[in-house]
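To start, the structure under review is shown below, and the notes come after it.
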Amino acid sequence: MLRGVFPPLPTPFTEDALDEGILRDTVASLMQTRLSGLLVLGTNGESFLVEPAEADRVVRVARDAMPAGRLLLAGAGCDSTRATIDACQRAGDHGATHALVRPPTSYTRFMTQDVLMAHYERVADTSPIPVLLYNQPAVFGAELAAATVAGLARHDNIVGLKDSSGNIAHVNEVLARVPDDFSVLTGVAAMMYAALLSGTTGSIIAISNVVPNLCVELYEFVMTGQLHKALALQRAIAPLAKAVTTQHGVAGLKAAMTLAGYDGTTPRLPLAPVSPEVEEDLRGMLKHLELFTGWTLMNRGGRPDGPVAEGMS
Amino acid sequence: MLRGVFPPLPTPFTEDALDEGILRDTVASLMQTRLSGLLVLGTNGESFLVEPAEADRVVRVARDAMPAGRLLLAGAGCDSTRATIDACQRAGDHGATHALVRPPTSYTRFMTQDVLMAHYERVADTSPIPVLLYNQPAVFGAELAAATVAGLARHDNIVGLKDSSGNIAHVNEVLARVPDDFSVLTGVAAMMYAALLSGTTGSIIAISNVVPNLCVELYEFVMTGQLHKALALQRAIAPLAKAVTTQHGVAGLKAAMTLAGYDGTTPRLPLAPVSPEVEEDLRGMLKHLELFTGWTLMNRGGRPDGPVAEGMS
Amino acid sequence: MLRGVFPPLPTPFTEDALDEGILRDTVASLMQTRLSGLLVLGTNGESFLVEPAEADRVVRVARDAMPAGRLLLAGAGCDSTRATIDACQRAGDHGATHALVRPPTSYTRFMTQDVLMAHYERVADTSPIPVLLYNQPAVFGAELAAATVAGLARHDNIVGLKDSSGNIAHVNEVLARVPDDFSVLTGVAAMMYAALLSGTTGSIIAISNVVPNLCVELYEFVMTGQLHKALALQRAIAPLAKAVTTQHGVAGLKAAMTLAGYDGTTPRLPLAPVSPEVEEDLRGMLKHLELFTGWTLMNRGGRPDGPVAEGMS
Amino acid sequence: MLRGVFPPLPTPFTEDALDEGILRDTVASLMQTRLSGLLVLGTNGESFLVEPAEADRVVRVARDAMPAGRLLLAGAGCDSTRATIDACQRAGDHGATHALVRPPTSYTRFMTQDVLMAHYERVADTSPIPVLLYNQPAVFGAELAAATVAGLARHDNIVGLKDSSGNIAHVNEVLARVPDDFSVLTGVAAMMYAALLSGTTGSIIAISNVVPNLCVELYEFVMTGQLHKALALQRAIAPLAKAVTTQHGVAGLKAAMTLAGYDGTTPRLPLAPVSPEVEEDLRGMLKHLELFTGWTLMNRGGRPDGPVAEGMS
């Protein structure tokens, strides 16, 4: 089972080239927290803008910079079945523990549930590492229906789902239909509290690149039944969570990471960096979170051993 | 504060005319449960198909058939501000305790947050009864942003919100911004468990017309911290909840009520009744719930004093 | 057959009350052009905000102010079948020559082609005046498929269609399937040229309330094969046409009418009037058209006998 | 200027590998008509499923199989600016005369008009061959506004636009804003007649892979002012045009090509071939067109020198 919090790591670029040094440092730094591992080459990893040879280096560098026990998820979804099969193979070869496979994003009108089922089965049949499904219809076009997830969950090599639909009713419908050992992780930070209480086992959320300790804390509050603290923290992180996804995307996430003491770098073209105004907003949100929690967040994700402030109790 | 479960009552028609007798019987029967009251003239009450004179009779008959202590919410939203003001006045005159005001559904491109704010303020200024906001962008077109809800919550005569967005993150954002005495009720049965744990105080859900006791039970399980039972029951009712809303709408709801021992009648034209196949599906879902709970559901909403079956524990 | 240009008349309000005097004057003034008639109580007539008793007065006043030979179309679509039947009856009683029936805009997920077919057939069976269908999915939610239009075109009392889909391929598909004596009118001014060349016989377009003579001229250019002039004029009116529909809606239309010498009045609440900036933009567009055509447009729709300027030849 | 009809060629696969022999034969056969050239690696060329090395071979083989005077357009749009620049370079190197550059299809919420403008300018600055813009918001997510097209049209190396919006008003708005030597081609076969009359100079349409001569004939009818024949032919081809795009996509196009005497092959996974029922429908449409035109269409695109049948006059 996949449990806990996983940041979907941005891919660092310096002058439009992959910066392995920053990548290594960021991974190493994030892994000093109680994060369960991380995801490279997800949507937040600018996977659509990264070339295959770069992708292989990202997996390798991340693996090398991580402790052995942590999980390394790698985005491996492509539009064609053959390219996806190839990407899973390469992700496994270079050290990923799981392949997160988004559905094809082209020809979406023809991505019927039958076509998606056949696609994922072919991919899982040959992947050297276990496959995670990925549902986010607003971004990918195609939707993985609950019945499709349930059908694919029967495949030995398909072990979980990242669901970023934002729809708790849908998450619950999935949970009601899959076996207990099938991992459902949510991708929407603002619903982590509700989703964990509904039976998911963890989250892959952009904001955990910025404030990893707060996210782990939220996870642990729920898991240990401290619901009032969990809900207070859930509400507190929601504005920043929205800012680094819906509102400002990868550019916002990278800027927030830089504010938090990492080197977020800027996105690859055609994506543009955020404006100074947005950066100021992000700084304000981080300061607000510092006040709320009593933690120093603008220095590598917060004091890991700090107490949660009264505001949260 | 509004607390608990409220069914959005369908409007009964016999040969295309409002049937006051069935209305009276249904209300009286539903009020023998621990439902907190009910809503007439909501979307499930075919409000778009009911004429003003009929609407007045619906409110009056429902009020007469209800115990004094229960709340009577009445849908009063119209497209023009003046018609909405008039509808609130009439709802109050005929005995409603609260007016549920959907946003205008025409000229939706021009329903900016400013326009909506001004509309609701004018309505609330003159309404003789407290106003509840209503957010359901997928149906109404216009969306009430969290900031707009927070702004309107400052009005003395605006006391709550029905949110049917299905988006738990949005519900949480609203809850974080409104005062503690502002009631947030959800309109999506499949997220009642998650929403109550997030701070909402109740629900207005179609399925509570069909299995009122199960819905009250779910509410009480959460309120008393019996989360495992609550989650099991939440998942159990989800398919029927979806069937009587998203899948088959008012026609499905009315058919399910008839199966459950009420007289659901059929919808008004142009709406068509469900097919025999759908009716059979609905019967199957009710039977499944009977097995799960050990309750006799197909007889006026279940044995109110029955124990919850083992499946739920 | 319905041929030529019909303005969808806004409903004039003075202090939120129907202003019959302005209505009478505007109709009389517009009818001094070669417009073929007009439409009252369409979407641009704020039909969703007008009450039934007011609607009757609008039809009566318009009829009285029009020459006998011109057609008076009246919007009569409602959400319930019975209300629509009633509205058609009243429109006929008060002097309309045709009822323009939009589809129901509520419960749109259940407005299948079968349901729409049955609805329109019931309405047409009893309407004392011929029925025109109305297709505008972006506004009404439901879509009238080409096959549905073709099926309904067989009904003796359904004589035409207003299509505001903006989709010339769809218009052509409809034209290919309906009999020659079924009138197809478009509701998108910017496609009048293309639609007339494709076989439609006229248009119901907001901008013809503002510059009726230019719209009639465009119609006549196409009908007499003066395609270069027609295309130049088509392109010239497109920005204003967009401004008084898509961009600024009824409020923009009313403001532009006032600029053109009519008394447009302001919209009914919750609709807001346009800002001074928008008004200035509209004035600029009218001036631009005056330069282009050599006509004085900001005085009751232009000099009807003026020559078309060189820019158009 | 680009004038006339260009088929967007499907990429032929045999057992999931590019089949150069079939590609060569198909190109050679299509070029025996009066088609103005062709497009490889467009959406219909399964560009999203073709790998870079295969793409290069497609361009080279097509170029070799074409007469020197015909234009070879190659799809070169990618999600990152750098990959797009690289694809344009390679397309030019391998013999394409123009690069058709779709907008990025990922991170579409951040594809503002400014971002798109900067992306296209960077691409055009370095492309060794002239660039064509591509607008199809329903498929690509991002939309190229008319003002953006007008702005980009000022770049020396951006010479035209393929517009598949299906919106004749938008096409006209673009035409009103671009210089006369900027080529606007439509991608929607069912609006070719209307678009050519509005000032476009040609079309890139899937159906011209199946019935190239009919499409050329339609183009020539409009260009020579034979509007009645053009309109009749436009309506006649519309159902097949819809079938090989909207309804059945690339799979439908490939099946129709096979029926018409080419070797369409089947699409690459995850795309599935059409069912036998769809194939039968396509055959029926082709037979219907044969009856209508008096041409033998199910043999390599029809008798090129055949007269147009009476039905078209």
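As written, the chains take the letters A, B, C and D, and residue 1 is the first residue of each chain.
Keep this in mind: a residue touches a chain if its C-beta (ideal position, glycine included) is under 8 Å from a C-beta of that chain, and two chains touch if they have at least 3 such contacts.
Not measured: the values here are computed from a predicted model.
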Steps needed, at fewest, to go from subunit A to subunit C via touching chains: 2
Going by the touch criterion at the top, tell me which pair is linked by more C-beta contacts: A-D or C-D. A-D
CA centroid of subunit C to CA centroid of subunit D, Å: 36
Rounded to the nearest Å, the gap separating the Cα centres of subunit A and subunit D is 38
Can you list every residue of subunit B that touches 2 or more other chains, as numbers and ranges? none
Going by the touch rule stated at the top, which chains touch which? A-B, A-D, B-C, C-D
Partner subunit D, residues of subunit C touching it in the complex: 166-169, 172-173, 175-176, 188, 190-191, 193-195, 197-199, 227, 231, 234-235, 238, 242
In the complex with subunit D, residue positions of subunit A that touch it: 16, 43, 48-49, 51, 79-83, 104-107, 109-111, 114-116, 118-119, 122, 249-251, 268-272
